[in-house]
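Following this line, the structures themselves.
Note that chain A is present in both complexes that follow, paired respectively with chain B and with chain C.
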Partner chain A sequence: MPDTVLSIRDLRVYFNIRAGTVRAVDGVDLDIAEGEKLGLVGESGSGKTTTALAIMRMIKPPGEIAGGTVKLDGRDLISLSEPEMRSVRGNDVAMVPQAAMNALNPVRRIRSQMLDGLRDHGINESRERSQERLNTLMAQVGLNSSVLNLFPHELSGGMKQRVTIAMAISHKPRLILADEPTSALDVVVQRQVMETLEDVRSEIGAAVILVGHDMGLMAQFADRIGVMYAGKLVELATVQQIFANPRHPYTRLLISSLPDTAGKRRLQGIPGLPPSLLAVPPGCPFMPRCPEAMDICGEEVPQLVGDPDLVSCHLHTEAVAA
Partner chain B sequence: MTATAEMTNASTANDAPSASLLELRNVTQIFSSGPIWNREHNYAVNDVSFTLDNNPALITAVAGESGSGKTTLGRIMLGFQRPTSGQVLYMGNDVNRMNSGERKQYRRQVQAIFQDPFSVYNPFYKVDHIFTVAIARFNLASSRDEARHLIEEAISGVGLRPSETLGRYPHQLSGGQRQRVMVARSLLLKPQVIIADEPVSMVDASLRATILETIRTLNHELGIAILYITHDLTTAYQVADNILIMYRGHVVEAGDVEHVINDPQHPYTRLLVQSIPMPDPNRRWIDMRGANDPPFTGIDVTQTMCPFVNRCPDAIETCVQDVPSAYALDQTRIAKCFLHEHAGAVSDQNIASFFNIRDSSPSQNGAS
Partner chain C sequence: MSITYIAARIGMFLLVVWLATTVIFFLPRIASDRNPVRERLVMMAATGNLATGMEKVVEAYEQEYGLDQPLYLQYIRYLSSLVRGDLNYSLINYPTRVWDMIVQRMPYTLGLVGISVLTAFALGSLSGATLAWPGAPRWLKGALPIFLTLSPIPYFMLAIMLMFLFAVRHQWQPEWWPLLPLAGATSVTTVYDGWSMDRILDTIHHSILPAMSIILSQIGFWALGMRGMMVTTQGEDYVTLAQMRGLKPSRVFSLYGMRNATLPQLTSLALAMSLIFSGVILVEVIYRYPGMGTLLYNAIAGFDYFVIYGVVFVLIVMVAASTFILDIVYPFIDPRVRRAA
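Now for the complex of A and B:
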């Protein structure tokens, strides 16, 4: 059994706005093993990105981490001072952002932006040594080192995303958070970038949390998948289990709404909209949209139960207990 | 309806009797950049001919990566872009030589749905605005009540509730709702053609199905011809009857969607199909990686070569010496690749002559 890298307990992220408190992440428990690839899926507003940002302690006001612990190798990140947290970011936990074009400074060459990242984390070395280091990083993500001399606008979307991956791995982090890293790219480039991410990940042995809404991409990449809905994890299971035997009706609908190329069929969306996080209805938050809702679903919040695969749905309480 | 009939008569008078709805004839679009002594010419669309017809109305997908020219093709068909050479004909009339009356008619009959459901709205106006402007512009209603009725009908037609949609500002609607309102706006004008450029790429996966299903309904039930521009082959497969695969301005493969996607013949189409993230953890990309670089990796591709030669795993010497023409593989498929030279070059350049015509029985969408 590999060691646990990250252990999240009862994480809560609330946004206090004039209209009330938005419970964007509401009691998430999650363990990630060393070198594991976890996919975090859900619709817009389900809390998947907020969870990733909370691990980095990058929640901006009016949002705040209202409770819980996030332990990285046993050390609680929530209780660290800001300077301590600064050294964790990049060194131990790194992020590959969604929109690479916004993550790079448009008026500076790639080289100087990458050097910034190194110096900021205490790597002060000779020009030759750091040049060598940058060349190695570029080779790792499949880019020619001449790219270092270019400005971001001279790179294609896929190249920019590779640069951000190179930045993320430059300190050999324990955990990489990738927030929809390929949503702006087309399919062929998406595949290349995901393969690059997998290559560098296995090289440095980091764990990855891949945030996204594309179940197809998750099937290609993840070992385990966590499905989020209205700020809560509703199912957490191995990728094989999720696709062969999805237990939560929401997971099932997410998978069946995917178009495929094995025969034309009527495309099915998920009817309705997620609940307002200002006032989540009592009971199961998915109940209003659930095709299998029962009386109890409107009264009682289902618990996330099972071993090792978890689900929170009243349809599955007996099955798990048995 | 009378307007349409008039247009048909007008066009039969000065053109062939069977003028198609919207036709591209040898359209080429070149974008030039760089200083004049070292001008670079980029062929966004390279000699493309095809027809969108509504007899029967079909859904045609255009797929390819960024920079393949698929959006430019759509813009040319919408009349936003005058091609460098070639003609765009609406009912037999050249779109770039129309008088204002004809042009207005064309603008009404050929509608667009764009990728970004955020930037098409003016945030200061309620969503009703995009409907009222269209109604005023084309004199669709003679009274306020009639206008209201038309708007509500269009909104219901895309599966939204008028009471929950009208009177709101764009930011109060979700991305999926906003995109469906755009579809409703098109529907209001009862067009003959809708050109939808990546209509679902910015929408959550769970809402995509709903929007695509709406587009399919417009085609099947109202007989609107649809050009669906996308980089996503799975949605193209589900929605379209026929597909054009574009690469650097060339239509490299085209035909019946079932054959093109499940039995691709051009190496580029094969690459696209292999890159689809299949929702099956037992069929992963990582286990299917090719070991070797393509034979002509790194070559400087010129206008006298196959455009795909530098990335093609199957490239041969011929591919760097000449540009392949379109070869007819069978009655419903063409491919621009020397591997298929033995099949013989096509006689009719119009790609649509290779399209599979769907059974016109209207309710095929329920089949599974």
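Now for the complex of A and C:
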């Protein structure tokens, strides 16, 4: 069993707005092993991006990390001071952002923007040496080193996303958070970018959390998949398990909503809407939409249980109990 | 940057100057049918300098200045002399050349405008940017409303207020209250020969109040614009990514925040230049500061047509030139316009 890189316990992120407290992430437990690729899926507003931002401690007001621990190699990030946390960002945990279109400063050259990162993480070396370093990074993500002299508007979407990947790996982080890194790209480029991400990841041996809702992409990339619903992790299992034998009714519906290229089956959605995170109903948050809801579902919040694959659903707690 | 871009900017510059000079040539002619030469001579006659044969003299002057010719011929004559760089003679101070009068005044106006606009722009933009960033100092937050209150007040009103407060002795002023010169650019008691260090210092001392009238009124304007731009910039993905990459807050502030938020500010600066110049003219008149504003004011009062034309022409060239310079510089500070350039 490889070492655990990241260990999240009871992570809660609340947004205090006038109408009340929005529980965007409400008690998430997650362990990620060294070099593991974890996919985090769920509908919009399920808390997957917020979880990633919370790991980075990048939750902005009115949001706040209301509780829990995020341990990176045993060090609790939540209790670090802001300057300490700054040196963790980009260095130990790196982010590949969602919209690479605007993720680079439009008025500065790629080279300057990459050098900023090196300097602010204490890499002071000769121009030749850092130039060499940047060239290597560019080669790693499949870009010509002449791209360094360009401005972001002179790059295509795929190239920009490669630049952000190069930035993310420049300090050989232990963990890379990729927040829908391909959502703004066309499918051909998507595949190339994901392959690049996988190549550099395996090269530096980092663990990855891939946030997204593209189940097809997840199936290709991830080792394990975590399914989030209403700020909670409802199922966490290996890719094979999730697709072959999804246990949570929400996961089942999510997978059956994928288009089927072989058959002539009609596209199927999940009826209803996720609950308002201002007032999550008692019991299982998925109960109002669940085709298999039982009496107990409205009364008791199911716990995330199982070994090694986890699920939080009364269908299975009873099975486990029985 | 391509040759065509520069050529287009130069063309625009010349077009603006030509249009503006044409307007200012015809406007005073339409507005009044007073005859400046005759008035001038009447004035001289009143003081006993001129006795007989006034009609003849008027004719002679009119011929010399071409004032007896049809308007369009005067216009062509005026344009051709402008092209030759000749701004004619002053009607009142004949035979002083208008150009010489302007050259004498120009350093004062350029110094006043240059220093006050740069100070106001720099201070305003910096404080506006700081205010938009988390952790802005409390005193700065308190100062903003004061400057916002000052910004809609016209420069000349501020000039009068400042004059009342800092150039005149009042009963209520304590001992230490600073008093600054009321008017002029140098002390009346000192005669200077050429530009010595003493004279420069004296001029700066005299320029404080005129400059403050402009600076105080402008800081709020630039601060407000910059704060708004900075708030927008903070929401940009590249600022968020810069933070997530663990860049130092000071670097994110300057190179990812201010660097980008300054661009629209510079555009506003180019657009504001004409307003600034017209405001400065009034401030100069109030402080009897020997710049081009005072020259223009006196020329208008005495219907000294060629001085009016000359000063306004030079002001137009200055405003158009500042826009032109910005147009040329802009592609260097915003690479996205470079492609269009």
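By our rule, the second predicted complex is superposed on the first by the 320 of 322 C-alpha atoms of A that agree within 3 Å, B and C clash if a C-alpha of one lies under 4 Å from a C-alpha of the other, contacts with A are read in each partner's own complex, and residues count from 1 in each chain.
The definition used in the following text is that a residue touches a chain if its C-beta (ideal position, glycine included) is under 8 Å from a C-beta of that chain, and two chains touch if they have at least 3 such contacts.
Note that the structure is predicted; figures quoted are calculated from it, not measured.
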| item | value |
| --- | --- |
| First (chain B), second (chain C), both or neither touched by A:D116 | second |
| Broader residue contact with chain A after superposition on the shared chain, chain B or chain C | B |
| Partner chain(s) touched by A:R75 [first = chain B, second = chain C, both, neither] | neither |
| Which of chain B and chain C A:H153 touches, first, second, both or neither | second |
| First (chain B), second (chain C), both or neither touched by A:R89 | second |
| Which of chain B and chain C A:R266 touches, first, second, both or neither | first |
| Partner chain in contact with A:L254 - chain B first, chain C second, else both or neither | first |
| Which superposed partner A:L104 touches (first chain B, second chain C, both, neither) | second |
| First (chain B), second (chain C), both or neither touched by A:T164 | second |
| Chain B and chain C contact sites that coincide on chain A, given as residue numbers | none |
| List of chain A residues in touch with chain C within their complex | 56, 58, 86-91, 94-95, 97, 99, 101-108, 112, 116-117, 120-121, 151, 153, 164, 167 |
| Chain B to chain A touching residues, read off their complex | 65-66, 174-175, 204-213, 216, 231-235, 237-238, 258, 261-262, 271-282, 284-286, 289, 365-368 |
| Complex contact set, residues of chain A against chain B | 43-44, 157, 186-191, 194-195, 198, 213-217, 219-220, 239-240, 243, 253-255, 257-261, 263-270, 273 |
| Residue ranges of chain C touching chain A (in the complex, touch as defined) | 236-238, 240-249, 251, 255-256, 259-260, 263, 333-336, 339 |
